[in-house]
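Some structures are shown below for you to check.
Below, subunit A partners subunit B and then partners subunit C, in two separate complexes.
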Partner chain A sequence: MSLTELLPIAISFEEFTDIGFWTSVGVLAGTYTIFALGLQINVGYTGVINFGQVGFAAIGAYTMAILVTDASFSFWLALPVAVLVTILFGLVIGMPALRLRADYFAITTIAAAEAIRFTAQNARDLTGGNQGLLGFSDDWDVVSDRIEIWLEWLGWSNPETLFPLLIVVWVVALLAAAGLSVLQRTPWGRVLRAIREDEDAARALGKNVFVYKLQSLSIAATLGAISGFFIALNLNFINPDAFQPLVTFLGYAVLILGGLASYWGVAVGAILFWTVLEGLRYLDLPFEDAEIAAIRFILVGLALILLMAFRPQGIFGKREEMVLGD
Partner chain B sequence: MTGAPRTGLASVRDWADANPARVALAIVVTIALALVVTEGLQNTAQTSLNGLSYGAIYALGAVGLTLVYGILKLTNFAHGDFLTFGAYLAFLVNVTWELPFALGVVVAVVATAMLGLFFERLMWRPMRGKGAGMLQLLLMSIGLALVLRNTIQFIWGSELRSMDVDVFSTVSFLGLQIGRTELFVMIIGIVVLLAVGLLLRYSYLGKQMRALSDSVDLAETSGIDTTRVITYTWLLAGGLAGLAGALIAAITNVKPELGFELLLPIFAVVVLGGIGNAFGALSAGLILGLVIEWSTLVIDSRWKLAIGFVVLILALIVRPQGIFGRARTV
Partner chain C sequence: MTSDTALAPVGSRTALQVEGVSKHFGGIRAVNGASFSVKDGSITALIGPNGAGKTTLFNVITGFYRPDSGRIVYEDDSIFGKPSHSICQRGMVRTFQITKALAAMPVMDNMLLAGPNQPGEKLLGLMTRPRRARAVERELEDKARELLATFNLDKKADDYAGTLSGGQRKLLELARALMTEPSMVLLDEPMAGINPTLGRRLLEHMETLRSERGVTFLFVEHDMDVVMKHSDEVVVMAQGQVIAHGRPEEVRADQRVVDAYLGGAGTEVSEVAPKPSEGAQRKVSDAKSVLRVNGLVAGYTPEVDILNDVEIDVREGEIVTIVGPNGAGKSTLMKAVFGLVRPRAGSIELHGESITGERPHNVTRKGVSYVPQLDNVFPSLTVRENLELGAVAGSSIDVDERIARMFDLFPRLEERQSQQAGTMSGGERQMLAMARALMPEPHVLLLDEPSAGLAPAFVDAIFEKVEEVNATGVTILMVEQNARRALAMSDRGYVLDLGSNRFEGPGSELLADPKVADLYLGGGSGRVDAPADTDTRSDRA
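Presenting the complex of A and B:
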C-alpha cells in the first residue's frame, strides 16, 4: 500500500520541491512583508489601527502605472513620484482622521481604501476601469532580463521568469525591516512606543502625539506604495480587484502570525502564511478549484479568530507589548 | 455651549450645534425642494420611493450593528455577512425548496437571530470574560466575516442568483410606479422599523438596553439581568440583519459579497445616527437611502455607491458624534 492510499488527504509532494512554487510563494511573501511592515509600525508600535493599507498600495500602483502609460514618465522616475503622491494622500486622510477614536479611525481608513478602489473601477478614462492598466513595466523588464543573464552566467541554465523579482522584492523587504529596526531604537522610535502605551502621558511630556502619528502613517503609506509596485510587477497589470479590502486583512494575518512589535517577525510571518496558503492549493482534496479557494479563506478567518483568542501576541510578539487600545 | 450668547453667524452656528437633527432635516428638505424645482416633482418622488426602500434596509441593518456596539463596544465587521446569511437562507427556502418568499423571510430572520446568539456564546462572551482589547475583537470579527462569507461561497458558489419573486408586475399610483416586490420590501421594512423604534422606546427591554449601553456595570448593580439583555440584543441584531439581507436580495441579487458591500453604507448610517443610538440609525438609514437614490438624478448612477463613502467620511470628520449624538470624546 502506498502512502497516498494510507492518508485520507494526500499531498502531492512534488509541488514542494518545485522551484516555480517557491518562487511565487517568495514573491508574495516579500510583497506582504513590505505591506505588513507598514501595518507593524502603525499597529504594533504606534497603536494606530490602520485598516486601509491596501488603499496606499492601490494609490502607489495606479499613480506609477498612469504616470508611465499616460504621461510617458520613465518607470524609475514614476516610482518616487508615486510614493510622494501616496504620502500626500495619507496626510490628507490622516490629518482629520487621526483626531478620531481608534475604532473610528479604523472605519475611516477602510472607507478611504474602498473609495480608491471604487474610483479605480469607475474613472475608466484614467484607470481603465475593471480592465485595468498594463504596459508600465518595460523598464523593469530590461533589468529583469539582465538579472536572468547573470543567473545563467552563474550556472542556472533556465532561470524562473519571476526569480529576478524575487531577489529585488526581498532585498527591499530586508532593507526596510533593517531600517525600521534601527529607527525603532532611536529616541523617535521610543516616543512612538510611548504613544502606544499611553498617549496622554506622551502628550504630558510635551511630545506632539498627532505629528508622530502622522509620521508613522506616512511611513506606512510609503511601504504600502512600494508593496503596490511589487503587486503590479508580479501581475504585470493592475486592476481594482487586486486591491480588495481582503488584502489588508491578509496583511493583518501576516502581522499577527509574526507577532506585534517585531519587524523581523513580519518577514517570518509572511513566509509561513504564504507557504501554507499557497500550499493548500495543492492539497489533493475532492473539491472544485472555487471550493478550494473558499476553504483557503475560511482557514485564514479561523486562524485570525484562534490567534486572537489564544495567542494574540503571535509567534515572536511579547505579551507585555500587547496594549491593544482598551 | 456655554458662555455669553454670540451674535450674527456665530449664533447661527451655536444654534446648529445645539439642534443638529433640525439642521439635518432642513438640509434634506432643501435638497428635496431643489430637486423638485430642477428635476421635476415626478422624478423626485419616484427616486424618493426607491430611496425609502433602500433606506429602510440600511436602517434595519444598522440598528443591530449600533445596538451591539452601544452595549458590547464591539465593532462587528461580520455584521454585513449576517445579512448575506439571511439572504441565502431566504434563497434556500424560496428557490431550492420552492416555498413562498414570505416564508423564506421568516426563516432568514429566525436563523440569523440564532446565528448572532451562537457566536455570542461561542466567541464574544468568552472574550469579554478574558478582557480582550479592541484590536483583538476587531480582528476576530474580521476573521468571522471571512469564515461566514467563504462558507457561504463554498456551499452556494460565487455566481449571482435571484429570488423567485415577481419582478415584472408594478403598481401605479399618482403617476408613480413601483414594482410589487419593491412595494412589499418597502412596507415590511418601514413597518418593522417603526415596531423596533416603539419597542426600544417604550418597552422595558428597550429601557434595559439603553441602561446597558450607558454602563453595563451600573445596569448590573441596579438589578438588571445583563446576560438576558445581551441575549435579546444579539437576537434582535441578528434577526434584523437577516431580514435586511432577505429583503435586499429580493430587489437586487443574491451573492456572497452582498453583505460586505453593504457594510460601509451601514457603517455610514451608524455613524450618522450617532454610534450606539438606535433611533439615530433608524432616521439616518432613511436619510442615506434618499440621498443615494436622489444622487442618480444628478450624477451617473454607477457613482451612487460613492455617496455612501462620502457621507461616511464626512460624517466621521465633521460630526463624529452623529446627527443625534451628544458631543463626547470621539
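Presenting the complex of A and C:
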C-alpha cells in the first residue's frame, strides 16, 4: 500500500527529483528575484509604494520585441535601448505622481501598468494584440545552444532546454542583488532610508527628496525591464496576459516572504515562493485540476497571512526596521 | 544671560528678515502679515499663545509651506517659496516640535545623513569619485563622533535612534542639525518634554555655538523662564501677527503681550458680564460632583510625566475652566479624562463611578463628549453628515430631532448643512464640532481651546454658545488660552502649571489674582522658586 492510498492528502514526490521541475522553478524564481529587487528598493528602502512594477516589465519586453521584430535591431542592442525607454517611461510617471501622497502614487502606478497592458492588447499593428509577438529570440538561441554544448562537454548528455536561461537569469539576479546591497551601504543608500523613515526630516537636512525618489524609481524600472526580458525569453513569445497585475502582487509576495529591507532576502523569498507554488501543483487531492490550481493560491495566501502575523519582517528583514517608530 | 550679550558676537547685521508674510489654510489665517528680523549671531525666542502661528511661520520660513505673500530674506538672499532642502543647503537648518529622529536608523547614520555636499550621496559621485566619497565619509564620521560626545550620545552611536529616550532624541536632532554646518538654527520647542539636566545642556550648547561659531538661533519655547533668561531678543506672535519685538524685559513689561496671553485687555474684562455670582455660588455649594479627577499622572513618552498629581472636581451644571501657560498639561488632562491618554496613576470618576483608563468610545457612551483642539470636524463630509456621525449608534436618540435641536442652537449650521465642513471658517467649524459633540446628549462636555486661532468676532460668539449650551443643563469642563474671558464666565477655575494644580477658585477670584498673570510670563511670584535656572522644571521630569 502506498502512501497516497493511506492519506487523503499527500504529495507525490517523484516530481521533486525531476530536473525539469527545478529548472522551470529556478527560471521563475530568478526572474521574480530581479523583478522584486525593483520593488525592494522602492518599497523597502525608499518608502515609495510601487504597484505598477509589471508595467515596467511589459514596456521592457515589448520594446525589446518590437525593436527586434519590426525594426530589425540586433537583440543585444535592443536590450539597452529597451531599458532606456523603460526608465524614460518611469520618469514620465514619476515626475508628476511622485509629488503626490504615497497612496495616490500607488494608485497611479497600478493604473499606468494597466494602461500599458491594454495598449498592448489593442495596438495590434505594433504589439500583435492578444496574439502577441514572437521571433525575437534568435540571437539568444545561438547563445543558449552554445551553453548547451558546453554543458554536454561537461558531461550532461541531454541538458534541459531552459537550463542556459536558468544560468543567465541567476547570474544577473545575483549581480543585481550584490550591486544593490553595496549601493545601499553608501551615503546614497542612507538618504533613501532616511526618506523611507521621514521625508520631512530628510528635506530639513538638505536632501532633495524628489530627485532621490526619481532615482529609486528609475532603478526599479531598469530591474523591471530586465525581468521583462526574462519573462519573454522564458515564454519565447509575449502577449498582454503575461503582464497581468497579478505579476506585481506575486512580486510583493516574494518581497514579504524574503523580508523588507533585505536584497538577499528577495532571492531566497523567490526560490521558496516558487518552489511551494509550483510544488503544490502536485498535491494529490480529490479535486479537479482547475480546483487544485485555485487551491494552491489559497494556500499561499494563507501562508502569507500567517507570515505577516507572526514574522512581519519576513525571513531576512530586520525586525527593528519594522517595529521601531515614533 | 543679558550680561553676556555684550560679549557675544551679536552683529548689527540682519541674518533673517521676514516682512508681511501670510499663510492661509482655507478660511483660517494661520500667519497674517508677520514681520520681524533676527540679528546675526543672536539667540532670538519666538513666543506666543497656542494657535498664534509660530509653527506655521517656522514651516513657511524653512520652505515646508509655501507662503501666500510677503518677503523672506536670509543673508541677503530671498528664500521666499524656495524648497526646504535648498534652504538647508544655504545654511539654515531646523528641528521639529515632535522630534523626527529617524528611528529605524542607527544614531550614527542619523548624524552622517546630515553632512552637507557629500559626493557619496550622488550616484555619479559614487561612480566617478569613489575614493573621495569614502574620504568624506571618514571625515564626517570623526566629526559626528565629536558632536555626539559633546551631547553625551557617543555610547549610543551604533544603537537605533528609536531606542533613545525622548530627551536624547531632542539632543540627537540638535546634534544632527549641527552636522549640516548651519549658520542659523531654528528650533521648534527644543525643551518640551525633556528633563531639566538635558534641557540645561541643550541651552549651554546653544550659547557655546553662538559665541564660538557665531551661529544664529531662533527658537519657539513655552517655558518663559528659559525664554527670558537665555534669549537676546524676543518676538511675540498672536493671531498670526507679530505684536511685540524687543529685549526680554521690554517684552515682559509690554501690556499687549500680557493681553495676548491672558486674552483681551484688562478694561474689556469688566465689560464682559461675569456670571451672576449668586447663581454661581449656589451651584458650587449644593450641586453634587459629576466629574472628579484624583492624583492623576499621565504622559506620552516613557519616563516623562506631563500631568503630575492633578486634582479636579466638576459639579453638576457648572462651567469649569482650566487655564495655565502652554505646556502646563491642560490638553493632556482633557485627553486623559476622555480616555485618549492612559493615566499612569490616579483615578477619574464620573457620577462616582470610575472611568479611569476607559476607551474613548465607552466614555462617550457614559455621557462625556469631547471637542479636540484641532481636527475636530471631518472636512470632506457635509455639516449634516458630521452631525449624523456624532450620534452614538444603538442609543435611543432620534437623530433628525437632535439635529434640529442643534440647528436651533447653531442657526448658522442649518444654513450650511449641505456644505463640506472643510470649506467653512474656523469659527463655524468650532460650532460644528461643538454641535457634533452634543449629538449624543452628553452630561459633560469637554472643550479643548474652543476659541484658539479664531478671529475676535468669533471668539465672543463661541463663548456665548458655550454659555447657551451650559444653560441647557450640560456641565462644561473647558481648557482656554483666553483666560480672562473664559474665567469671567466660569463658575470655577483651575490654574495648572507644569502638570500640577497651582491655584483654584471661583473664576472671578482667579481673574483678579496677579499671581496668575505672572505665571504666564515667568519671573513673577507665581512660581514657587525664583526661576534662577532650569531646575524649576524638575517637577515635570
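Keep this in mind: the second predicted complex is superposed on the first by the 314 of 326 C-alpha atoms of A that agree within 3 Å, B and C clash if a C-alpha of one lies under 4 Å from a C-alpha of the other, contacts with A are read in each partner's own complex, and residues count from 1 in each chain.
Here is the rule we use: a contact is a pair of C-beta atoms (placed from the backbone, for glycine too) under 8 Å apart; a residue touches a chain by one contact, two chains touch by 3 or more.
Predicted model only: the values in this text are computed from it and were never measured.
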item: Residues of subunit A touched, compared between subunit B and subunit C (which is higher); value: B
item: Which superposed partner A:71 touches (first subunit B, second subunit C, both, neither); value: neither
item: Touched partner set for A:88, first subunit B, second subunit C, both or neither; value: neither
item: Partner chain(s) touched by A:203 [first = subunit B, second = subunit C, both, neither]; value: second
item: Partner chain(s) touched by A:175 [first = subunit B, second = subunit C, both, neither]; value: neither
item: Which of subunit B and subunit C A:186 touches, first, second, both or neither; value: second
item: First, second, both or neither for A:285, with subunit B first and subunit C second; value: neither
item: Touching partner for A:19 - first (subunit B), second (subunit C), both, neither; value: neither
item: First, second, both or neither for A:110, with subunit B first and subunit C second; value: first
item: Shared subunit A contacts, counted only where both subunit B and subunit C touch the same residue; value: 324-326
item: Residues of subunit A touching subunit C in the complex; value: 183, 186-188, 190-191, 193-194, 197-198, 200-209, 215, 320-321, 324-326
item: Residues on subunit C engaged by subunit A in the complex (per definition of touch); value: 62, 64, 83-86, 88-89, 93-96, 98-105, 109, 112-116, 118, 120-123, 126, 133, 137, 160-163, 176-177, 179-180
item: Residue ranges of subunit B touching subunit A (in the complex, touch as defined); value: 75, 123, 126-127, 132-140, 142-151, 153-154, 157-158, 260, 264, 267-268, 271, 302-303, 305-306, 309-310, 312-313, 316-317, 320, 329-330
item: Residues of subunit A that touch subunit B when the two form their complex; value: 43, 49, 96-97, 100-104, 106-108, 110-112, 114-115, 118-119, 122, 245-246, 249, 252, 256, 290-291, 293-295, 297-298, 300-305, 308-309, 312, 322-326
